[in-house]
């Protein structure tokens, strides 16, 4: 079987997103990671940066300039880096997966408005599939350009999508509040991520204008202004997002159940979590570290027609690298859950 | 000066609210705590339960049945316990401070709707002042019945009040999202507060129907339906609440600044926190442990007329015992900040 | 292959040890969990208690009285429960794995001294193999009675064993200091595990007289009094143990390296962690959640002949359920690493 | 009274030690902080860096070059900076308090061995008093040069001192294991303090050769080799140190009690914590954040003559700035507890 494996090169493999893709790819039966690049750590074993992989791999980082051909090239670069050099990477591999935001937005004008500069390769945007399997499974089959969906965007999109798909979301303001762990800010030390400043903090870091709002609006078109407030918490991984939305008069929990079951009933990585007993009644990122699940719950405020949706993911897995593997599995025609079997810990 | 001190009896002093009142009262120059009751711990030193007070007091718990007269009786009992026995406590002291929810709601019908049973002493409700100094300072002067405001209610009320007072809050749904530490659930061990189940958790525990909503609606009357979603976090103390509200077209941050300065400019315990530099730009409960501050920040989304308000408090101080001391200081004519000077730690 | 699977019954499956065995067994290709008992939760789905397994199993808890035959019976009962009822369990399955301390100590007198009562089935003690693969691999082959080693004992034993095996441990007092997460105290809520009391705590809970000392002394015989001080930390999982031991004059780090490589060089789950660069220089339980690794590091204080050994494990995996699976794999003749492939997360 | 206040200048006030001294000094009735320097933050309000002081002070940072005279100059500089410039600071104030390690060691040879370079001002070493009030109270009276004791050193020294003073410490190796929070590494962000790398970590960072060992050996002379292993934990503040020492045959807990009561019975900031009931039986840094207490506990292992001593402090208060204030109070003839009244929080 080893001879049938696809070779993988990870560009920018010293960060958390690249490291997580590496972890998942090393355990994936159809993937063979042959190259991992890091400008800063070139020449050093990847385990120096990702010590969880000790005993699992002997790979060393190389410079991106030394990249050789691979079946699959995974780009884990800072935003706006991949697009500028995309021709270079296209020359190295048939399939390209970008974990950054560079190819997610379809409209270059939106890109400019959100990221503050012109898109470096607007003519290529149409080649890319937005890497969200639940919304784009058919487009992903056979795809060779996958723009992995953003983590916050994923938590908002998956929470709202069934209401939109079924046409029952009322055209009122949608308020999303996202709580996130420190890994979302990346692997580089900074003052705001300094442990004494962060360990006990509950810090609103983006009350308005979060960039992922544009992704959510793109994927959930209609007259539903989506507002996202992002708050950092003392967790390391994980996102918990509450989304306040408005449904038709008279809707009950049962109606919401039906809607989510209808749309997500066959999804391998979405679990509807709304339990009447015990302490784990709603989604909780605590249970999702390392997993590709998106747990979704809800509660109706029947008096007002407001539904409180809740979604939880591991931002580095279902929010980044796991999402990418799931999309890749679909693109390559492999079993969709391959390499994503880890079920999560409890207690955790 | 000691002869002028007011004697204090704390009923239900083994919980966190009573313990915090005890801590603050022991450091208050005009108070002399002479009795602390606990049915479960009667006969034992209070420091067995509140080990931070070692070396600070030799008080022992007694049973409530052994309560003697005191100038001030502080009730730190479970909800619905104080009201049932209020005559008993009125016989012991001239001034009564209730830290529970029993006397906060003015309307017995609202009480019944929220707490699911008839109020045990509805005829007394009008005697009590709602213990929120920022809204009720004048009523508190000379007051002898103080119903200390709820912690979540305080975080919502103080965030919104200036907009309401100045008449600029638009009549649209207000969405409040409150993040809270584990101490808010009290001192009794339970499955949901078991450390392995809670330490890493981000858990929505009250998506709709939080009881403090009724307090907020009472104090902020008008056509502004307030919705509160409550989420537990791994912190021990603290509440961070974001409140999404709607202001007139064209409002900018500057307008919000003016409004909050106008209303809160002289408040000793409200700090407007909105800083352009550094990492501490908005309110963060991390900085407030042990303090009586309510830090308030905001950010306008000018395109939509939405303002994101943020408030942070220590739920046990500005949310409970500190609030009570502040109200008591006003009631007794003492300097309002007496005994509440602790400024908070950094790092923390 | 499914027809060849061994059936597994887990007795006492609502606790953390049983739950972790269940998680690992559900992912094990040669095991088929058919029964899980819990007196308190009988009739309820196991996912109510172990929510990480949602979507992974539909098993419901049953009462132990309803236990049916299985190939392998796993006992995850409180200490001193398994031994009293051992005949009952022997009637149900050929292979029995006990996760408690009941059959670990070979000498009933030692058992009495440590646990304060007579062993309920002393005549059976000789049938059991101490479930530590690194020390007892040969005895484990074909074994049908496996007494899974204690978590603290494992951390101490694996740290010291090479020095003892090679005969270089000097006969001086060995000081072990173990730091442990809250899951080690089990799934039952208690005052000391109440989140507000534990979240920020560094609490010595067993300065002297820890029961696992007897296990360590049994497995590491000689004139090396082992002293263990146990400290609880805010982590949920994990043990980090430092062991201060004494080696011959002139020993250097290189000598220690040689010793540990000689003894552990072929061990699939022991990694020697001593890195000159980066921030992950020594073992850290942070990297081991969910894994079966025991990471071991050391540093010589050459001036004094003291070596500081460090070992890290996940107390519920290498300290309990993973250790048990590894032992079972050996006993059954399966690949030793089967079902234990999870490599751990970073960041975590 | 204001006219009698002593003016204070804090040099290097943007770090945690300087910030903590500033916090305590602002609440001290006999001190008037008039200057705080920071090269990096000169011109900015101190509250930008120390946001807990918002509303408490309007001071701005200045450059050290702009330092003016003050009654008391507090040096909160990196190690080896104060001594090089000591003449400069002596010109500015009569009393100098150094929070660094520069003037703690009396013997320049020891300094060289520990810090790897010659002491810049060896001729001045004899002028300085080691700022540990419990050991040097008499020398501190009237002192104008105070070298504040190191935090780990303090935790070890105060744990052991009574045994040494009473001559009952046996001449065997003393093993100290110190657990510390992240604030001990200072305010500068680094890879090892990056929240995702630190939040879940239990990391031995100094298994052998900790520099504070030299301070402990200086203050506790005799044939008791002291070995210190330092471990970082997820707390922000606090040190918990266990010290394993050896006392005469037959010693019981009662003997240890007597010894510690005899030596520490009158100490205002040392509490002996050894409680038979409840969950707070031994010292725990959780209870000490912001306080100047050193809590000390112990447990005898009577079979072996080993005593396990435990000490807990807030590394930034009793380990640094509080210790300094206490020493200053003695030096100036003020009540020793002035400005150090905060009792700590529970829960915390």
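Per-chain residue numbering starts at 1, and chain names A, B, C and D are given in the order in which the chains are listed.
Assume a residue touches a chain if its C-beta (ideal position, glycine included) is under 8 Å from a C-beta of that chain, and two chains touch if they have at least 3 such contacts.
Listed by chain with UniProt protein names: A, B, C, D = [LysW]-L-2-aminoadipate 6-phosphate reductase.
This one's a predicted model, so the numbers in the text were calculated from it and none came from an experiment.
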| item | value |
| --- | --- |
| Smallest count of steps, each to a touching chain, taking subunit B to subunit C | 1 |
| Labels of chains that are neighbours to subunit A and to subunit D | B, C |
| Distance from subunit D to subunit C - Cα centre to Cα centre, in angstrom | 39 |
| Distance from the mean Cα position of subunit D to that of subunit B, given in whole angstrom | 35 |
| For subunit D, residues contacting two or more additional chains | 16, 183, 187, 191, 196, 200, 234-236, 278, 284, 289, 347-348 |
| List of subunit B residues in touch with subunit A within their complex | 173, 175, 177, 179, 191-192, 196-197, 200-204, 207-209, 225, 227, 229, 231, 233-235, 238, 240, 242, 244, 278-279, 282-286, 289, 297-301, 304, 306, 308, 310, 312, 347-348 |
| Subunit A to subunit C touching residues, read off their complex | 16, 19, 23, 26-27, 44, 48-56, 182-183, 187, 236-237, 271, 273, 275, 277-278, 280, 284, 287, 289-290, 293, 295, 341-348 |
| Interfacial residue positions of subunit C with respect to subunit B in the complex | 16, 181-183, 187-191, 193-196, 198-200, 234-236 |
